[in-house]
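Shared between the two complexes below is chain A, which pairs with chain B and chain C, respectively.
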Partner chain A sequence: MTARETGTRLLLAAAIALLAGLPFVGVPQFTITLLTEALIFAVWAMSLDLLVGYAGLVTFGHAAAFGLASYAAGYFAREVTADFFVALLVAEAVVGLVALTTGFVVTRVSGVAFAIISLCIAQVLFQVAVAWRSVTQGMDGLVGVPLPSIFGVTLGTGTPFYLLTLACMVVTYLALARLVDSPFGRTLHAIRTSEDRAAAIGINVRLHKWIAFVISWAIAGLGGTLMVFMKAGTTPMSLHWAESGNVLVMAIFGGIGTLLGPVVGAISFVFLRDEFTTRFTAWQLAFGLVFVVVVLAFPAGLAGIFSRAWNALWRARS
Partner chain B sequence: MMFGALRAVDDVSLEVQAGHVHSLIGPNGAGKTTAFNCISGVCRPAGGQVLLNGADVTGWPSHRLVSAGMARTFQITKVFGELTVLENVALATRSRMGCNLQVWGSARGRTDATAQAAEILKLLGLDGSADATADHLAHGDKRVLEIAIALALRPTVLLLDEPTAGMSTGETQRAAELIRSIAQRTSVLLVEHDMEMVLGISDIITVMTQGRVIASGPPAVVSADTRVQDAYLGAVDAWST
Partner chain C sequence: MDLNFFLSSALNGVVYGAFLLLTSLGLSLVFGLGRVVNFAHGALYALGGYAVIAIINQTGAGYWTALLLAPLAVVPIAIAIERATIHPIRNRSDVYTLLVTFGMSFMLIGAIEYVWGTGTTLLKPPAPFEGTVEIFGNQYPLYRLLAAGVSLAVSGGVFAFIQWTPIGLRIRAITDDPGMAEAIGVNTKWLLTLVFGAAAGLAAFAGALGAPIFAVHPEMGMGILLDSFLAVILGGLGNLPGSAVGAMVVALTKSIGGGYIADWSVAVLFAVVAIALIFRPTGVFGRGRVA
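Moving on, here comes the complex of A and B:
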């Protein structure tokens, strides 16, 4: 390992330690709650990055995986048991099944067709959530999801749940970082560059896109499960295309194809939204302006700024 | 092969012998690229068969053809532009080693694959640019990288689609020597319109016009064939003078 790689790892470890320490150094509960939401979005945005940034599959329907997991985990937790890992397992089974079936169809295409068909799948799930009142309570949404428990211990809202979320986010990052660096991860890059070329070196393009799709949905499912426990419920809006747009904004804002970018993007999104909603009625307009300026000035996103500075620092040293 | 009612390639039959450089030539519109696409699995022929080492591989998807021993290059250069030259070839060697689906462990950790890739680059004289980004290569070197990627798959037959397209005279000369030398490792099916280059390096030449084969045989026989001279060489001479 080079000195630079060691430096990067130390920086990441310091960032994680800082995040984990925040609740214990007097940071207000309100900020911790915002940060919890931001870290859940970070998990979701990283799962999108695998599809968009690495496999080159832009989707307008990534809310489907998130919202579906929220409904599955929330319903199961309310009706059966609020054990976090059992609820997560159930949510993953549901998300996995839907991802395997819809993914098989949707990954047969690429580009705009992929974006639109994945949007359609999310809208179908949205309509199901609205219409299947006996399970979902329609537009009122699923309510009364109990607090999660781990190994029989009920986690309170606030710090314990925040730490659980942080742990999930870190594990997701480490797993995805390994995945994109693996031989499989490199084949996704090949597919993104040219599907024909990838196929011509023996890569089964459809199979690889399908696997990436299922992994992406499974990770989004972790985010959705955390979210339904955090909010103690969910509504059909979690499946709405506007949410799919939001997660794309987070990933692009932070910098796609970097994994850490979407984390930075999700945190920025949540805090900017909080800042803007207290000042403007049309907060989306203000956020939209910031988004356009950042993306035009830094096409590689916020992470691009950091990595450029980090690289410059190492160049200056050597 | 039919495009609507148009019969683009009709009754074309050719056999690539092991260790041969077999060229498929013809003027524009002769159907050689269509024939190439039928063989390489891009489109499925309306009739006929593609046999590889005796096995019927007609209409197989590209990735299966690769594992069966057929590799190809593209007429329009398609390399992985953001990756290094070495990583371009290492993708192919890893693919051949069957670790495409390995999700754990670093790709760079497969040093066996990287070593083989470096060997191929050395063989083709690209070892000097191994760490360069593929997009930064000169056009001629990109074409050679295409061949390196395909060769890394250790095919029994290598399909080259106009490998010298857009090359300078010097680069073409170098590429011709290269193709001749790789025939020691794999059979080559070469699709070209550059008659002069093909004459120098081919064991067998098949000439097509208007979707049909008009002559097939060793360079000396084919170039002496009057139908070939009329249909192809004459046309080229008339065009180039």
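Moving on, here comes the complex of A and C:
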């Protein structure tokens, strides 16, 4: 391990320790709530990054996985048991099934067609959530989801739930970091660079895209499950394409193709939105402007800027 | 369900379809020309609705004058957007233009909210068209019929322009084969800028024309944007007659289906479009371009 890698790991460990310590050093409850939301979005944005940044599949329908898991976990928790892991398992089963079937079909295409078809699939789920009133309560949304419990202990809102979310986020990060560094991850990289060349050297492009799609949906499902417990319910808007757009903004703003980027992007998104909406009437204007500038001038996002600085620092020392 | 209900749903569908036609043509043209998927199209449509109200309130102009001026106000904005954001990234992957126009849509809606607020305005239909006529036993607003007629006439004009003018010929050449068109001396980049502006003008005109029918609010373009996408994909990207049929199919499915199976009709529509795009990527008629 080089000194630089050790340095990066120490920095990450310090960041996690800092996040875990925040509730115990007098950080206001409101900030913890915002941070919980940000970390859930971080899980979701990382799952999107696997598709967009590593497999090269830009999706405008990633809310589908998130919202579907919210509905499945929330409905199950309300009707059967509020055990977090059981609800998560149920949500993953539902999301996995939908991802396996729709993924099998949509991974036939890529580029703009993939973006639009994924949008269509998400809108189908959105419309079903609106129309299937006996289960989803239509536009009113699913309400009355109980607090989650882990091994029989009910988890209170605030700090306990925040720590659960942080743990989920860290596990997701580590698992994805391992995945993108594996031969599978390298193969995805080859596919993103050139689908034709990857196919020419014998890679089963569709199979790899399909697996990436299912994994991405499964991780988004974890985010959706956390979110339904945090908000004690969900609405069809969680499946709306505006949400798919938001998560895309987070991932790209933070920097796709790096796992830390989406985390940084999600945290900045939540806090900037809070800041803008309370102080400034046209937050969409400011946010749209920042997003356009990032896409045009800094395709590597915030993380790209950071990592360039970090690398430069280590180069300067050696 | 009685026949009158069916017929008036169908009529509503045709009226909406006429508006959808105007917005779909622009989307389809811009895609065919530059493979640009314009997510800001809905926001430009909304801008047209706001422009017509602003012109009436600021200058005291009549509705018809304002209707003609509103697109003229939006076209320069669209041309500036194309030059500043789409033009510089033409050599990058197609999905970047999708992301940039998505951001532009955010900005335009934000700008509308900043200038005009988040409220909803409903413009009164201009005299002497504020009344109703009896059709299929129901009272039907006269202005809706008139507006649908105007939309269809303008769309017909667009078709004629593409079919019979030298610029239309160039547009068709680029849509067919951009490389070859450029090789024989067609300036594809400037034409894309012009067509992007013209498409925005059409969207703004639709927004202005629809202001007395559909409520004017910052997010008014979102629904019609999505429906236009459906229409354009069904008909085949870049295939104008296909888009026209697609617009009518989408509008009629929504209005007639909506009357019988409520929100399920739209779910079915999206599913059909997703399947169509996978198995018939060039549209149902097989004459569009592959996305």
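Here is the rule we use: the second predicted complex is superposed on the first by the 313 of 318 C-alpha atoms of A that agree within 3 Å, B and C clash if a C-alpha of one lies under 4 Å from a C-alpha of the other, contacts with A are read in each partner's own complex, and residues count from 1 in each chain.
Methods note: a contact is a pair of C-beta atoms (placed from the backbone, for glycine too) under 8 Å apart; a residue touches a chain by one contact, two chains touch by 3 or more.
Nothing here was measured: the structure is a model prediction, and the numbers come from that model.
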*Mind working out whether A:V43 is in touch with chain B, chain C, both or neither, as first, second, both or neither?*
neither
*asked:* Under the stated touch criterion, name the partner, chain B or chain C, that contacts more residues in chain A.
replied: C
*Who does A:A87 touch here: chain B (first), chain C (second), both, or neither?*
neither
*Thinking of the overlay built on chain A, is A:L164 touched by chain B (first), by chain C (second), by both, or by neither?*
neither
*Return first, second, both or neither, reflecting whether A:T193 touches chain B, chain C, both chains, or no partner chain.*
first
*Tell me which partner A:I117 touches in the superposition: chain B (first), chain C (second), both or neither.*
second
*In the superposed arrangement, does A:I201 touch chain B (first), chain C (second), both or neither?*
first
*Could you tell me if A:P183 is touching chain B, chain C, both of them or neither one (first, second, both, neither)?*
first
*chain C - residues contacting chain A, complex*: 35, 37, 85, 88-89, 93-96, 98-100, 102-111, 113-114, 222, 226, 229-230, 233, 262-264, 266-267, 270-271, 273-275, 277-278, 281, 290-291
_Quick check on the complex: what are the chain A residues that touch chain B?_
178-179, 181-187, 189-190, 193-194, 196-197, 199-205, 208, 211
_Give the list of chain B residues in touch with chain A in this complex._
61-63, 66-67, 71-72, 74, 78-83, 87, 91-92, 94-96, 99-108, 110, 149-150, 152-153
_Partner chain C, residues of chain A touching it in the complex_ = 58, 60, 105-106, 108-109, 111-113, 115-117, 119-121, 123-124, 127-128, 130-131, 241-242, 245, 248-249, 252, 281-289, 291-292, 295-296, 299
